[in-house]
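For clarity, chains are labelled A, B, C, D, E and F in written order, and residue numbers in each chain start from 1.
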Amino acid sequence: MAVLSPLTDEQASPAARAVFDDIRATRGTDYVNNFWRLLAHDPDQLRALWDRLKVVMGPGALDPLVKEMIYIAVSAANACEYCAHSHTASARAKGMSDEMYAELLAVIGLASQTNALASALQVPVDDAFKA
Amino acid sequence: MAVLSPLTDEQASPAARAVFDDIRATRGTDYVNNFWRLLAHDPDQLRALWDRLKVVMGPGALDPLVKEMIYIAVSAANACEYCAHSHTASARAKGMSDEMYAELLAVIGLASQTNALASALQVPVDDAFKA
Amino acid sequence: MAVLSPLTDEQASPAARAVFDDIRATRGTDYVNNFWRLLAHDPDQLRALWDRLKVVMGPGALDPLVKEMIYIAVSAANACEYCAHSHTASARAKGMSDEMYAELLAVIGLASQTNALASALQVPVDDAFKA
Amino acid sequence: MAVLSPLTDEQASPAARAVFDDIRATRGTDYVNNFWRLLAHDPDQLRALWDRLKVVMGPGALDPLVKEMIYIAVSAANACEYCAHSHTASARAKGMSDEMYAELLAVIGLASQTNALASALQVPVDDAFKA
Amino acid sequence: MAVLSPLTDEQASPAARAVFDDIRATRGTDYVNNFWRLLAHDPDQLRALWDRLKVVMGPGALDPLVKEMIYIAVSAANACEYCAHSHTASARAKGMSDEMYAELLAVIGLASQTNALASALQVPVDDAFKA
Amino acid sequence: MAVLSPLTDEQASPAARAVFDDIRATRGTDYVNNFWRLLAHDPDQLRALWDRLKVVMGPGALDPLVKEMIYIAVSAANACEYCAHSHTASARAKGMSDEMYAELLAVIGLASQTNALASALQVPVDDAFKA
């Protein structure tokens, strides 16, 4: 279900199709997933987001696989169904092993637990932690 | 501010103090932060959580620093003030550089943005992503 | 899927059916959507919520279409699947154009991004912003 | 810090002051807390919310103390600082013991953990759970 | 949909199957729901979580049914589809009446409303509420 | 409190200071608020975010004041203390009246309430709402 229909290559504007082509070239696959096909209703937003994503998720001080796992963590906390699916697939494609995934889940579970406890208890921030 | 007062070593029960001692030994520091001093009102919960945290956050298929960064990501998504402070301090102590932190923040920001867009658009999950 | 079954007009109590009738008259349509048909299991809650919604979402200092867009924004942040669908449909019915929707999405995405960054960084509130 | 100033009895409109008086009479205390003093900027919203709260939080099929603990649980999940403070105070005033509070926190922590895991894993809902 | 496949008894490791057996014995039913069948990919996490859940959700200062309702409240606030389904089913099995469920929903709705208002208004915490 | 210190003009790099200057020129004020002074630790992220914000929050199919109110709504749902303060100040500066603010709060409260109810009840999406 979606509030808009994903656009096929034929339905997309030339500006949106250019982003589709860049997604294909960058990822080395013909497949363009639904998120981008929905954003294609607004080619400017599509372009801005894809360009930023390429920079942010590429190699740097952090490994691209680490970045995908951070992405999954945020998506789980935000209860984003689509993002959990798509970024788990991406992390798998970038080499996330069963052991890594199990540890990722354990950290997500633990952090969610202590976040809720800290919010319930309104734990005062230690002076030692302040900048 | 807090809804309970942090317990000093003197106020804590022997069972709670034993956890404080384990925290000190594990971390190689005398300092026990407020989160544990508040949980000390319930020594069983304190023990269960600390024991689990030692297992989950220790070395494994993922580096302990990577785990701290995943923890920060969850905490930011959950708007947990205390956890953002305490785990940023932990990540720094484990070697998170300015460059790594900047990239972590960029991924957190991007993921939060696309999570909200996917939730607003209710993007249908691609068959390709399903197990 | 739902944890309760939506009630048909025949299954609903007279008190619940009276709310259904008011929904129909207010909206000028015969259709009563699932949210109200589930709330009909508790006619008092159904009545209280519908009466409040009529007041809050009606014309005032803000245009009803603006109110629907604010509703979508909250629903996206809360990852509410049903609400994203139903209030996007309502906003469309009240005249939300493609351009307005695209801008709404862009603001939702940007706000979600900066919310997460501000929570990660625990930015101190400027004195200039305090009442 | 607040984006508006709490209104004193003198600053509040007669309609708002009437709600303050009802709060005092209902609770058997002279104290009116900041939440209501901020809402007093909009006497209609103040009245609607207070009237609803009296009905919802009063005795019924659930004990008022149970309702306060449910309120704390929602507030922790939503990371609401003010609500964690005010409803923990209310629950204490209604008789929440140290043991009850410890168990409440344990359930909040556990639920937050499994919520995040279920969202990360996108666990398919069992047919057995559907209405 | 799920990012992993639930494991059948045959696919599960002996360590995971031992947890399945404990789930069956504890609940007095042959049915093991999908959440545990997905966690079975990581038998250590499965065991740790199930053991903790048995302690936390069992009888104590709070009634097990009250604990299930608190669980539902957290799950609703976190928009966890699976958890809303599974814990509503559990609460029903433990005796939650229609009247209790209606009141639970009313409290969840009210708390969510005032949480959002308190966060928008940034209501300053009353000195009277501080520990 | 913050996990990093806000950078003064003197501490900021030339690239960051150029963004500060653009903020001043765009807003017609000498004041640069803490959010940007913290982001200045990563001049690239600072530039990317400010450039995007100028486009997204400027005039278009939606009025800039409407955009600020949508921003407040997202920030309240995400419990972002800083963002609630800063964007309420921005909305005031753009002409949000007391009446508009009261209605904005009422919609935020109502949406949060029905979001939680829809998530608790797992209301099935009506076919009529699907694209």
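One rule holds for everything that comes next: a contact is a pair of C-beta atoms (placed from the backbone, for glycine too) under 8 Å apart; a residue touches a chain by one contact, two chains touch by 3 or more.
Note that the coordinates shown come from a computational prediction; the quantities given were computed from them, not determined experimentally.
*Asks:* On the document's contact criterion, could you list the chains that touch chain B and likewise touch chain C?
*Replies:* Under the touch definition, chain B and chain C have A, D, E, F as mutual neighbours.
*Asks:* Which chains lie in contact with each of chain B and chain E?
*Replies:* A chain counts here if it touches both chain B and chain E, which gives A, C, D, F.
*Asks:* Where does the A-C interface recur among B-E, B-C or A-E, taking recurrence as more than half of the contact pairs being identical by residue number?
*Replies:* Interface equivalent to A-C: A-E.
*Asks:* Roughly how far is chain C from chain D, going centre to centre by Cα mean, in whole Å?
*Replies:* Distance between chain centres: 21 Å.
*Asks:* Which integer distance in Å separates the CA centroid of chain A from that of chain D?
*Replies:* Once rounded, the distance between the two centres reads 33 Å.
*Asks:* Any idea how many Å lie between the Cα centroids of chain C and chain E?
*Replies:* That gives a centre separation of 26 Å.
*Asks:* Touching two or more other chains, which residues of chain E qualify?
*Replies:* Those would be 1-4, 49, 52, 74-81, 84-85, 88-89, 102, 105-106, 108-117, 119-122, 125, 129-130.
*Asks:* Taking the touch rule as given, give the residues of chain F at its contact with chain C in the complex, in rising order.
*Replies:* The contact residues of chain F facing chain C are 1-4, 6, 31, 33-35, 38-39, 49, 52-53, 56-57, 60-62, 66-67, 69-71, 73-78, 80-83, 85-89, 97, 99-100, 102-104, 106-108, 110-126, 128-130.
*Asks:* Report the residues of chain E in contact with chain C in the complex, numbered from low to high.
*Replies:* On the chain E side, the touching residues are 79, 81, 84-85, 88-89, 98, 102, 105-106, 109, 116.
*Asks:* Residues of chain A touching chain D in their complex?
*Replies:* Interface residues on chain A, with respect to chain D: 72-73, 75-77, 79-81, 84-85, 88, 105, 108-117, 119-122.
*Asks:* Report the residues of chain F in contact with chain B in the complex, numbered from low to high.
*Replies:* Where chain F meets chain B, its residues are 1, 3, 41-42, 44-45, 49, 74, 78-81.
*Asks:* Give the list of chain B residues in touch with chain E in this complex.
*Replies:* 1-5, 48, 52, 55, 125, 129-131
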